[in-house]
Every structure is written in C-alpha cells, then in structure tokens.
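Two complexes, one shared chain (chain A), two partners (chain B, chain C).
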Partner chain A sequence: MNFLQLAWKSISGNGLRSWVVALSALVVAAFALFGTLLLRGAATSLELAAERLGADIVVVPDGAQTEMEGALLMGHPASFWMPEENLQKLAAVPGVEAVSPQVYLATLVGAACCSASEMFMVAYDPQSDFTLRPWLEKTLPGGLAEGEVVGGDFISATEPNDGILVYGTTVRLTGNLEPTGSGLDQSLFFTMDTARQLAVSSWVNAEEPLIIPPDQVSAIMVKTTPGADVEKVAVEILRTVPGVFPVASADLFQSSRAQLKSLLNTVVIMMALLWPIAIALIGMVYLMAANERRRELGMLRALGATKRFIAQSLLTEASLLALCGAAVGIFVAVLAIYLFRRLIINSLGVPFLLPSPGSLALQIAIGLLLAMASVFLAALLPAIKVSRQDPAVAMRE
Partner chain B sequence: MNKVMGGLMVLFALVLAIAPAFTDCQSHGKMLTTADGRSIAMKCHWAGIAEIAAAVPLGLAGIYAMFGRRKDTLRFAGIVGASSALMGILLPTILIGTCANPSMICNVLMRPTLLASGILALVSSAALIMTAREPQFAPAGVAA
Partner chain C sequence: MQGNTMIKLESVTKVYELGRGATVIAAKDVSLEIGAGEFVAIVGRSGSGKTTVLNLAAGLTRPTAGRVTLDGIDLWRLTDKEQSRLRNQKIGFVFQFPSLLPTLTVLENVILPTTFGPRESRAAARARAADLLERIGLSDKINVYPRQLSAGQQQRVVIARSLINKPELLLADEPTSNLDEKTEMEIVGLFRELHATLGVTVVLVTHTRQLVSAGMRAIEMAEGRVAAPQLAIGGVPENGSRPVEYAKNGLSATVAGQSELSY
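Up next, the complex of A and B:
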C-alpha cells in the first residue's frame, strides 16, 4: 500500500473529519474567488466605461454630476440641460482642442409607443463627435444615417427588420457596441438629426411627446490639446464658464470608485478573519485525528513505514480534501457570479464585467492554490508531530 | 454520501418549487394588460408553475436517495434526479423562457436562482449515480 492509498482509505473511513476539512477549503476558495472576481470585474467595467466615453473632460450643468454618472454607469435615465452656447465658451478655453455636444434622453415608462421602458438614449453630433466615432467605426464604418441607431451590448431589435420602437417611430438597429458591464450596455446611440426627427414625430405617434429644448444640450465632451494638464483645464472651465461643472476623466465615477473601495475593504477584512479561522479549524481537526490515530500510525511505523511515509500520507490526505473542497467552492463561486451578475450590479450599484477566459483561469488557479496552501499549512504541524512519535510508546498508550 | 446527495436534491427541489412564487414578475406586481383591459400573467409566471412539475420528482428521488440502501435504487434515484434537474434548467431557458427584458426581476433573480439550483441538483444527481456504481471487477470465483 502506498501513501496515496493510505490517504484515500483514511478519507473514506473518517467521514465527518473529511467533510469539515473539505468544507473549510470550499469556503476559503469560494470566498476568495468570489471577492476577487467581483472587485476585478467592477474595476475593469469602470475603466472600460471611462475609456468608452473617450473625453478628457465631461462638462455637465452644475449639480448634475451624480445624475450623469448614474446614467452612464447604471443606465438610469437622466435629463438635464444647459445652453448650447457653452460650446463656443468651452472651445475658447486655453488647452481645449475639441468640443462635442451630447443630448441625454429616455424612453417612456410602460408606454406602448416604446419597445423598452426607461431606456437611456444618447444623441451625438456626428460632425464634431470624437468620443463615439472610434467605437462606431468598428461596427459601422459609414456612420449612422437618419433613423438608424446603434445599441449597447444588451440592446436587441423588437420589431421586424431590426426595428426598435422609440416614441412611436421605428428606428433601425444597425449594430451593437462591445460590452462594458455598465449602463452603456443598455443604452441607445443616434445622431442629433434622428433625435430631432423622433421629437417631431412623437407629437403624433407617442403617448407623450419627446421634448428637446431648443438650443440646449445635456453634456459637452471636451478633448484637451496634447500635453495639456487636464486638471488645470478643468479649473479654467470652472472659472470662465458659469453654471457648468467639469469632470476630469480621472475623477469620473467617483461615487462608484468609493463604493468599490469600501467593497474591497470589506472583502479584505472578511478574508483576514476567515483565513486564520479556517486554518485553525483544519489544524485542530488534524491534531485531534493525529491523536486518535497514534496507535494505528505507531503500528505502521513498527511494520517498517518511515517517518516520511507517515507525514506524506497525512499531507496527501489533507491535499486531496483541499483539492476536492476548493474545486467545488470555485465551481459554486463562478456559477454564482455568472448567474447573479445582474443582481449584484443592481444591489451594489457598481457596474460589472465578466473577466476574459484567460483572466478567469488565472484567478481560479490562485483560488485553488490558496485553499490548498491553507489546508497544507494547517496539517503540516500535526503531520510532523505524529510522524516523529516513538512507535513503541504510541502503541502502548 | 448518498444521504448528503439526497438531502441536497431535496433542498434544490424545494428551491425550484418555491423560489418562483417570490421572484417572478407577478409576485412583484408586474402583469401584462391586454387590449380589453384584462391583466394576465407573463410567461415567467408559467415557467415558475411548470418548475413544480420538475421539482416533485427531483424531491422524491432525493428522499429515495436518503433512505435507499440498494445500489439499483440509488442509481435509479440519481437518473430520475438528473432528468428532473435538466428539466428544471430547460424550462426557464428553452422550453418556456422568461420575460424579454433582461432587467426585469424574473431575469435578475428568478432565472439565475432556478439555473443555479438546477445545475447543482444535476451535479448532486450525477455524484449519486457515480457513488452507486457496481464494482468494476467481479468478486473472486465468479468470473468465467
């Protein structure tokens, strides 16, 4: 009988002990992986959403910062306006290279004239736009014509011929953008001309008209000149253009970043509590098992088994249990995060994007190693102690 | 092992049967209004009702697994459990489905709960079938 067979016999012969050790490894692996996937998924999504915006500074009406972040990150419909003349004022600020307006709209709630309820919509100016164009060019090299729209990753056509009903008018969905895990995935993008066309036809076709105040825009995207200090340009905008608030790209989504930081602290604290408890519990279980099995192991030593053989069999037993427990824990964590990601996004108020297969494999490997290392560490001391005992003394006790 | 797997199967059967009552759109006051003004339940509600038909054999198989001793009985319980769990997965995904809007409560909560329970019940049933396998080698003296 080799030490692997001995370990397997010991596992199958001690049901309760095996379950306790495997469950401890399961909890450590599942919690570590769930926490890591959640935090990394949220951080990646935040970065992607900021990158998708593509502006160095987003200028919104003063007081509308939170609403703007809620719209862009969580897809909550937003409506705020500022004079279009701010475009010229902003373009004149030193360090500003380009400006482009955007109008934020939303479909009606539970109305038959709209395919989706409370859908966030962004109208952009194709002549001056520099934020959406790079993304649109990947899917639509020719750009969007009047009556055409492009959707986030979740948007799908609900009417024949790729149609979506918006304020009683059917617009054509020409493509979808890459997923970001943020509210942009459930938003619709079209040109200002399409927005105006929808506003005009909505007076006849929709339950309520779509109102776009004349000479007003919701936000202005600002691109700074190469080498310009973005923070200084933002301060200059705040000083020279009244009634607006500039948000530098590094400061975007501050509330979500703060939420993420508190989440990270919670995960770290929980892990700091959980890990030593799991190691202590497994250590205690193995210490008890080693004491229980003193005579049995003493007999093995008397029959010629070496100290190394005894220690190896105990550590193999621990590693096998850790591997099984961690594998189940990892499966449960991945399943939970994959299936419940929308619930997590809604409950925590942070965007979330599933990691790429490569990144997921790496995180799974780390979770598995962590759980196995925990059990190995916990079982090491009892294994050494029991392997060093004198067989004659052990069998007499 | 069969007692643990049986217990898990009963637990997941209870989740499959009960969870839709609290997580479908109707339980959150969302219903379809027809042209004549009547309110009717959306398809997630019917998927939830149909789940009971998958949960009952799964639960019974779990009880059999908990108290059965013969390998044949355990294997049969595992096969019934796996088939029912598979049905529990297919009902809200392919056979009936849930509401179209991905942000509705049935898609956010009911569907993931049913899928998670179905997948875990499937794994438990598969583990039960594996543990109830006949020995690979015939006992000494039986071989021809």
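Up next, the complex of A and C:
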C-alpha cells in the first residue's frame, strides 16, 4: 500500500466530494482552454490573413472598408468598385513602390461545385501581383495559366482532373494556399484573363452571368518603398486620390480586432470570476473533507504517518482528481472547438484558425497545469491545517 | 513492574485550549511509570484523564508541562519524522472508535501501518497480515470490507493491525466500549493472550472496572490526576488510600479456534 493507492482508495470511497472537485477542475480547464484556443485561433487567423494579403496598404473605395474586411475575413458577399485609373494615381504617390489590382468577383453561396459552403472569387493581375506571387513562385513556378485557379485551404475539386465548375465553366484547381482560418480559406484566385473569359462564357453556360464592370477594380494592393512610413503614405493617398480609403496593414481588420479585444476582455473577466470561485469551492470542499476526516487522519498519525505524509496524501488526492477532471474538461473544450467551429466563427464574427498540433499540445498542457494548480492551491491550506493538527485532538469527537 | 521502564510520565500536565481563552486541564501533574512487559489498566470515570494519559504516553499530544519518555526516549525531543517512526515501530494502537478505513479491505487495513514504516516487500507485509488474521480467526474475511463485519470482528481486525509491525507496546483506549458483553470478554481475552504469549506491554484504558482482572496492574485516574497508581485487584490500593472492588476472576475467554499468538 503506497500513498498513491491510499489517495485513490479515498477518492473512490468519497464519491460526492470527488465529483465536486473533479467537476470544478473540469470547468476551469475547459473554460481556460476553450478561451485560449478561441483567442489564439482568432488572433493567429487575423495575423495570417493580413500577412496573406501581403500588402502594406489595401486601397478600397471610400466606405467599402467594412465590406472588404467582411469579404476577406468571413467570406461575406461583397461588391464594390472603383476606377482602374486609380492604379496610376496611387503609383504616383511618394513612398509607393508597387500597386496591383484585385477584383472581387462574387461570392457563391451554397455552390454545389465546391467543398466550401461559400466561395469568394478573387481575380488578380499576374503582371503586377506581389501578394500571391511569393507562394506561386514556390509551388507553381510557371504561374497560373488560363483556366487555372488557386484555392484557399477549404477549396477542393469536385470535377475530374481537379476541376471546379464556376459559372458553367470548369476551371482547374492547381493548388491550395495554407490555411488562415479566414474567408481567404474559401477564396478562389483567378488571373484577370481567366476571370474575363469566365464572364464572357457565363452568358452562355451559366444561369446568371458573371458581370465584371469594365475598367473597374475592387481593391488595389499597395507596396511601399523600403523604409517608408506606411501611415504617412496612407495619409498621402487619402489626400491625393479622391474616392478611396487606404487601410494600412497594421490597421487592417480593425472591427475584427476590436471584436477580438472585447472577446478577450470577456474571457479575462469570466476567468477572473470563475477561477477564484472554483478555488474557493474546492477549498471549502477540502476544508469540509478535512474536518470530516479529522479522526481518520489523526488515526493515521497515530499509526505512524508523518505530518508531511498527511499533507501529501491530501494533495495527491486533490491532484489526481484535478488531473482526471481537467483531462475530461480539455477533451470537452477541444471537441467543442472542433465541432462548433463554424458556429463560433459566425456568432462571434471573428475568423478562427485551428491551432497546429504542437500549439494545441502546449495549450492543453497549460490548461492542465492551470486546473491542477487551482486544485492544488485550493487544497493546500486545508492540507497544511489538518496535517498540523494535534492527533489526539483530531481523534476526539 | 517488570524489566525496564516502557512509559514514564514525570509531572505531566496537559491543558487543552478551547478557544476564546477557555481552557480545560485534562491531566494535572501526572507521574507514572509502566514497565516493559506489564499489563496495566487505566481506570476511572469518563473525563478523568485516562485517554489523555494514553495520548501523552504515545506522543499524540504535547504535554503543557512535564516530560514523557518511551523506552527511555524523550518523545518531545524527537522530530515529527522520528516520533512518527517510533510510534509506527514500537506502538500498536487499538482505538475506542471504529478505526478501520471503510475504503480498504480487511487485509489492506491490517497492512496499513507498514505504509509508514521502513520499506519492505508488499508480499512480506501481506503474508504477515494474513497470518495475523488467521490467528485471530478472520482468515476468511481477508478480502471483505469493514462494513461487512460485526463490531467485534472489526475490533479484532484493529488488533491485528496494531500487531502488524510487531510492537513492544500495545495501547488500547476503551477497546470494548461499543461491544456487547460476550464480545467484550473475547477481546479482553485476546489482549491477555497477547500479553502472555508475545510479552508485549499492554496499557488498557477502560471505565469498566469489571474488565480489570488478576495479573493486571490498575491505575486509577480521577479529575486529571492519578488517584491510585497501583490498585490491588479486588483489594486495597498499594498506597492504602481507598479500597476499590474489581473483578477477581480472570477473563480468560479466547477466540474460538485461534492458534497461539506469537510474532
């Protein structure tokens, strides 16, 4: 009989107390992990989305910035246009090194053609593009040919030969971008030429035609010269190019960042409330248990248990319960995140990227440690108190 | 008194603090000696300080004043670890209250004290426990839980537990208070046999004078003091202070079917 076995016997023999402590650990671990996964998933997704755009400044028609963010981050339908001639105006702004247009064609909702329930179609100019190019250069050195597309992480082919049916025409999916957790994962990237061909053929092949207004673009990606102050360049664009709104990359997705901040505050407040309550509850349970078991613990002291053994035995018991409770809590949190990912994204209005296995393991370890530390802390005082008790007094009625 | 001194209390006083400044004097200037191999009964009314003396002798409570030695060792000069080790190796306890852990089987309860002692193989401890249980007639109850035993059987398991580390001293605090008369006789008979066969020092606290029998030394406590350090069974106390009547007949009942006890 060692003290692990003793602790386990005590746990199994005191059902209600064990359940209360394990459930408290479960709630703390589940909430901590769920909150952390959610916040980190959203923050990572925002960072990756901004990085994927690859521009120092994104210029959109004035008033379309929220719509643009909704389209890029959440894949919401978007349609906004500005004259193509803005390209030259922007290129002339001091501090601007390169400009490249993008056309946000349409958002296919419930498209039968692809695995994503919504598909956001983006056309880019391969001549001037600097946002997709780094990725394309690595995986498709020849670039995209006519009729070829690159998909976000969620896009998959549904037709033979990697085909995807878009507006009645089958295009070939040549590859997928890394996941970002944002609307970009549901995006399909075409060259401008392919987009124009699609628009033409859609009049014959599709139920509804794809309309691309002539000489119009949706957004212009701006790359600043090395060392240039991006904010100053953005202010200069605002001053010199009428009808547009420049969004510096640092300011991109402001509404989502604000949403994330409020989410963070909520999680922090909830944890600030939940944690002490859980500790107090577990502490109370252990204090009651220690009082209930005074005689038993006094008897163990009489049989030769040291004060240290008594404290260790109670803390081992608490730690075992915490471990079991937290393990279940972690499983529940991870399962909830995986199962309700879409629901979370839609209800919270922030993008979300599932963590990598390494990052998930780290967060699980943190959640486990937090729950175990909570239970350990809560049980520490009662354990010390009861271990220091005079055995003779403890054994008295 | 036989052989060396096993327990020695010198002018020991124990005051319990009840909180809010209230105190109770549980033992007052108690001095007594119990020799190795003696069978001593500490008798007295409820609240007379019998249990306190037993607890003091075992180092289960620190004396407010005075000195307690066990086999020549000053208990309160030891660290908690040393004191616990001493209790574990030298003393076997039989308590008044049901002291078996309900979540452990009979066998696990008996080997419980070995958990706190020097490392030994699990098999050796189990074998010793099984042997003890056989000797007290409970070999068929090894794997049952305490709730499945009668009060008398439970107390016999406690006695087996008290012997698992081969103690030199057996302290029993009203071990028969919750038992019927027949079982009471059996348990006292068991103590007598343990004393006779193992040579273990036995200190039995009881408020039932009828349990005191020939061959025992009786110490009477009253109001926290030693009222009579050596009562003659059925006769006059050694100090001649006052005569006390105790049962003269030896309570030699033994557990049916048990074999002779020996370590």
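Keep in mind that, in the parts below, the second predicted complex is superposed on the first by the 384 of 397 C-alpha atoms of A that agree within 3 Å, B and C clash if a C-alpha of one lies under 4 Å from a C-alpha of the other, contacts with A are read in each partner's own complex, and residues count from 1 in each chain.
The working rule: a contact is a pair of C-beta atoms (placed from the backbone, for glycine too) under 8 Å apart; a residue touches a chain by one contact, two chains touch by 3 or more.
A quick note: this is a predicted structure, and the numbers were derived from the prediction, not measured.
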Kindly say whether there is room for both chain B and chain C on chain A in the superposition, answering fit or clash.
fit
With the two complexes overlaid on chain A, check the angle at chain A between chain B and chain C, Cα centres, nearest 10°.
60
May I ask you to name which of chain B and chain C touches more residues of chain A?
C
Which superposed partner A:F340 touches (first chain B, second chain C, both, neither)
first
Of the two partner chains, chain B (first) and chain C (second), which one does A:R295 touch, if any: first, second, both, or neither?
second
So, does A:L16 touch the first partner chain B, the second partner chain C, both, or neither?
neither
Please work out whether A:T158 is in contact with chain B alone, chain C alone, both, or neither, and reply first, second, both or neither.
first
Which partner does A:P391 reach: the first (chain B), the second (chain C), both, or neither?
second
What's the minimum Cα gap, in whole angstrom, linking chain B and chain C in the superposed view?
8
On chain A, what residues does chain B touch that chain C touches as well?
none
Could you list, by residue number, the parts of chain C that touch chain A in their complex?
16, 51-52, 55, 58, 60-62, 80-81, 84-85, 87-89, 93, 95, 97, 99, 101-104, 108, 111-117, 122, 125, 161, 165
Parts of chain B lying in touch with chain A, wherever the complex brings them together
100-103, 107-109, 111-112, 115-116, 119-120, 123
Mind pulling up the chain A residues that touch chain B in the complex?
116-117, 154, 158, 186, 331-332, 335-336, 339-340, 342-343, 346
In their shared complex, chain C is touched by residues of chain A numbered 1-3, 6, 9-10, 12-14, 295-296, 298-309, 390-393, 395, 397
